[in-house]
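Both of the next two complexes hold chain A, though its partner changes from chain B to chain C.
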Partner chain A sequence: MAGPGAGEPAMEDERSFSDICGGRLALHRRYYSPSCLEFCLSCPRISLRSLTAVTCTVWLAAYGLFTLCENSMILSAAIFITLLGLLGYLHFVKIDHETLLIIDSLGIQMTSSYASGKESTTFIEMGKVKDVIINEAIYMQKVIYYLCILLKDPVEPHGISQVVPIFQSAKPRLDCLIEVYRSCQEILAHQKAASTSP
Partner chain B sequence: MPRLLQLLWAQLSGPGMVLKAFFPTCCASADSGLLVGRWVPEQSSAVVLAVVHFPFIPVQVKELLAQVQQASQVGVAVLGTWCHRRQEPEESLGHFLEGLGTLFSHEPWLQLCRERGSKSWNCKATRRQGPTPLAPACEDQVMLIFYDQRKVLLSRLHPPAALPERQAGDATASAGGLAAVFDTVARSEVLFQSDRFDEGPVRLTHWQSEGVEASILVELAKRAAGPVCLLLACLLSLVSAASACRVFRPWPLSFIWSKLSTCEQLRHRLDQLTLVVSAHRAEGPAQLMRKANTLVSVLLDMALGLLLLSWLHRKDRFAHLAEALVPVADRVAEELQHLLQWLMGAPAGLKMNRALDQVLGRFFLYHIHLWISYIHLMSPFIEHILWHLGLSACLGLTVALSILSDIISLLTFHIYCFYVYGARLYCLKIHGLSSLWRLFRGKKWNVLRQRVDSCSYDLDQLFIGTLLFTILIFLLPTTALYYLVFTLLRLLVVTVQGLVHLLVDLINSLPLYSLGLRLCRPYRLAAGVKFRVLEHEAGRPLRLLMQINPLPFSHVVRTYRLPSCGCHPKHSWGSLCRKLFFGELIYPWRQRGDKQD
Partner chain C sequence: MRRQGPVLGVEAQAGGRLGAGPPIRPCPFFPVLIEAKPAELGWRSVPPPTPHCRNISKATGKMVENSPSPLPERAIYGFVLFLSSQFGFILYLVWAFVPESWLNSLGLTYWPQKYWAVALPVYLLITIVIGYVLLFGINMMSTSPLDSIHNITDNYAKNQQHKKDQEEAIPALRDIPISEVNQMFFLEAK
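Coming up: the complex of A and B.
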């Protein structure tokens, strides 16, 4: 890949990884400048098969109730519930892609975009960030790796006040995490060098 | 490949952090001039507040900045130059701008430049490495961050950063980086008072240059608010003086007032209204929000109350209610009588002690008979009383609900009495049993040491004690059953009353103004900021857009909840069960006398 020359757009590349359940993830990396980096992890889309299965189950159950009660309100209620449930799921539960934006000397920003277009953003200032690490956790019956940000404790200089996990919905595997980790550490190293120099 | 870039960058950039320039979006289309703002050295960031246009006299600019610094305690200074030029570079302007660097000395000196009609920006920040003007200069990397000045001015960060009060200069700019930006903009209102359309000596461009929005209704309301508040304050002081007068002091009346939840609610509303119309200005934004929330809550309450009143009057529902009330009370009493008859027989197949059963059953039946007589005595007056009580609904829906709760407790007073009788009897029995059980085992409760000690009893003491113990234990099922039944009834009534109180509490404490603000002007309540990277070309400085991240609704409710006389259960489930088992009287909701903040 050639370096950015004058007038060329920022460097971008896209690779595909898999998450802990085996679904396909796409990691899209944008290199705006040496001090600004963005990672965008796209989660697998909602599958038609599961949607059809859930809808059929709900409607069959409603039809069963209808044959028992002979009340047609049940059928319209079932349709209503299915629609509302789907809308609610798309707006509140299903995450389309997660983005991590690191800006040197400013901070780290995490955005989750839902399938309905809603975005929820958290920004952590660089002064509060102690380090970015890969940690292990026990999740159900598996041991998984996750990337997290450690926040400084205002009271104790060497303590940690909070651990903020990144890519919680996408849950990528270790190879993807290592990519992100390396790039984050490069920027953080420069940040630390800058903050300690007079 | 990224490593190569890293190395190149490390060689090119000087020591220190990247310089962040916060630039207001309203100045992006302004004509060339000087950049005026505040420099925060700890975060290496320059917050640009306004642009001073040509022609200007440097002395007047310095005077204006000194005035602003004195008035707002913010270290405003000339930070650099701004050049908004046409396609052909103007040589003379370029030299002129560079010459200004010697007039207004500032380290580092910013030079922002934009070509008219295009999106490409040029930024340069020069820093002298020595004390003399001829020392070599080094350049820093600049990152441009655009912000909407009006929104940042009006917004409030949550949690509010603990910024020190107005101190001389900016000696203590130790607040978090972005809180310092918000603070700078908020405190520099003095600078925004004159803009480029005014006739003053210095012409500035800032957010006011885009035109200020105002509403005639809001301005009229502000003018009218003064006299209206004064009038209301006088009225309220009269009302509170009347309620505190001596007529209501003697013991039976004061006891009744303290038990009625209507009086509690009215007192609460009176306190709130006094706070709202008081002549003191709000101390800080939190106080202002609280006043606004209280006002909106009271207004909504009254509106709902009037709605309820009009609905009740529409189809002559008062008469229906009054007619239905006495039969309902009769029905309840009849059901209770059936229940007692059932208990006096063989309830659920259990065998009761006949004599005790008959005594207790007759005692309670006589009570119900008395109660029904009282209700029948009152029945001609019920409609009038109800009508007058209904009028009080115009004071608010919460008052109407409190009256409903009081009516429920008055109508079920006999259930409360039965519960107390049953509980006391049961409690006595349990205490007697436990003490005699200790005697049975040869022990005694030592009051002094608060523990169980062994004790040697005489033979006749033991004999009588064992007899009494046997009697009590054989009478236990009957008493326990009566206690159980009446406790369940009482708990049912308490649950219904509790739901009503919960609704009243909800209306009292919901911060409607804050929720409305979050819905319509989300930038006013900020949880933080978010950044968006704008179109980037290699070789140009990085441009970011800083937007305000609004507070989620749940946080809004949590932060701005109004204090209310809370009705939270004061016992945990464990202690409640313990009290029920030992027959102690329970008041599951907090006593109405205790206020909770």
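Coming up: the complex of A and C.
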């Protein structure tokens, strides 16, 4: 944690939280200025236990098929499938960390970085953003809290056109969401004050 | 001990509650339209008749309340149901077990194939099992996804009118926008 001067908020901050399944998350907060803030949420890494479990299951199933069919191509096919499956999972499914960058006059940017290094970015300009809220919803067999961005309706002044949930693959719990929510609301209030005063 | 009810002269039915038991209040959704003085409201203070809740027996002028107590009509319905279900079961057993030739010799030739005596129960049981799975699946499918607008608001909330708050009265029920709710919960608890 870098030490700033007295009275200024910390430039960088790292805290540990947990997600809805109990895995450990790390929230890294970077404070650039009163109008710019970045949150980086790191998901738990892929564990050796689950990797060996999946590999063993696939290889045992392939061996069982091999004893039935007496065809050794099945075994090499199983090795290929495991390798390609792991690469595909790391590149398309497993997210390593998610970042939320809010710039007061510009907009909000969400970045998801996959385990293979691929990054996917979404940017929403500030004119479209109505509010950032914490909402509760039913997800599978649980009721979870999640943070989402409400977008303005061009037709109706107080309407909501779209809901964009953020931190979807990390799914942190309420304590982490409250931290992010409060910081976002400070910046949005700052932005509203700046936009109403000429 | 019978108590005199209010003006309408309500009496309990045979087999119903005669001065005993808690008052059952059917149709709680319809408000009491007649203002009765507290002294007159006894065990059987009954709201005036409404078409959905009450059958007024015009011949006697008494009111039949919707209660689960045993009544002669219900006993008859139950017995008829019992007899018909027993008859249906015996008929099913006869059809399933008695050989085709015996039934033909009696003149009963145009009955369904005996295959169905086994097939229909199996179909029924499989339908019940699939029903459990299907209900679970339908529930999950009709849950709104996390990015759906239905988790935030709906047509009723969008079209509601905002009434002015009266002095010293409980404010009218309304849907509070989610931004306000969030500010109340998460910002002011500092």
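Here is the rule we use: the second predicted complex is superposed on the first by the 188 of 198 C-alpha atoms of A that agree within 3 Å, B and C clash if a C-alpha of one lies under 4 Å from a C-alpha of the other, contacts with A are read in each partner's own complex, and residues count from 1 in each chain.
Convention: contacts are C-beta pairs under 8 Å (C-beta built on N, C-alpha and C of every residue); 3 or more make two chains touch, one makes a residue touch a chain.
The model shown is predicted, which means the values in this text are computed figures rather than measured ones.
Enquirer: Touch test for A:194: chain B only (first), chain C only (second), both, or neither?
Expert: Touch status of A:194: first partner only.
Enquirer: Could you say whether A:138 touches chain B, chain C, both of them, or neither, answering first, second, both or neither?
Expert: A:138 sits against chain C, while chain B stays out of touch.
Enquirer: Classify the contacts of A:181 with the two partner chains as first (chain B alone), second (chain C alone), both, or neither.
Expert: The second partner, chain C, only.
Enquirer: Considering only the touch criterion stated at the top, classify A:159 as touching first (chain B), second (chain C), both, or neither.
Expert: second
Enquirer: In the superposed model, does chain B or chain C contact more residues of chain A?
Expert: If we count touched residues of chain A for both partners, the winner is B.
Enquirer: Which partner chains sit in contact with A:168 here, chain B, chain C, both or neither? Use first/second/both/neither.
Expert: Touch partner of A:168: chain C, not chain B.
Enquirer: Taking the superposition on A as described, I'd like to know which of chain B and chain C A:74 touches: first, second, both or neither.
Expert: Neither chain B nor chain C is touched by A:74.
Enquirer: Under the contact rule defined above, give the chain A residues that sit at the interface with chain B and also at the interface with chain C.
Expert: Touching chain B and chain C on chain A: no residues.
Enquirer: Show me the residue ranges of chain C that touch chain A in the complex, using the header's touch definition.
Expert: Residue positions touching the partner: 140, 143-144, 146-149, 151-153, 158, 177-179, 182-183, 186-187.
Enquirer: Given the complex with chain C, which residues does chain A contribute to the contact?
Expert: 130-131, 133-135, 137-140, 146, 148, 150, 158-160, 162-165, 168, 178, 181-182, 185
Enquirer: Any idea which chain B residues touch chain A in the complex?
Expert: That would be residues 1-2, 4-6, 9-10, 15-18, 20, 43-44, 141, 143, 145, 176-178, 528-531, 533, 536-539, 542, 544, 549 of chain B.
Enquirer: Where on chain A is chain B touching in the complex?
Expert: Its residues touching chain B are 1, 3-11, 31-36, 38, 101, 103-106, 109, 111, 121-123, 125-128, 183, 186, 190-191, 194-195, 197-198.
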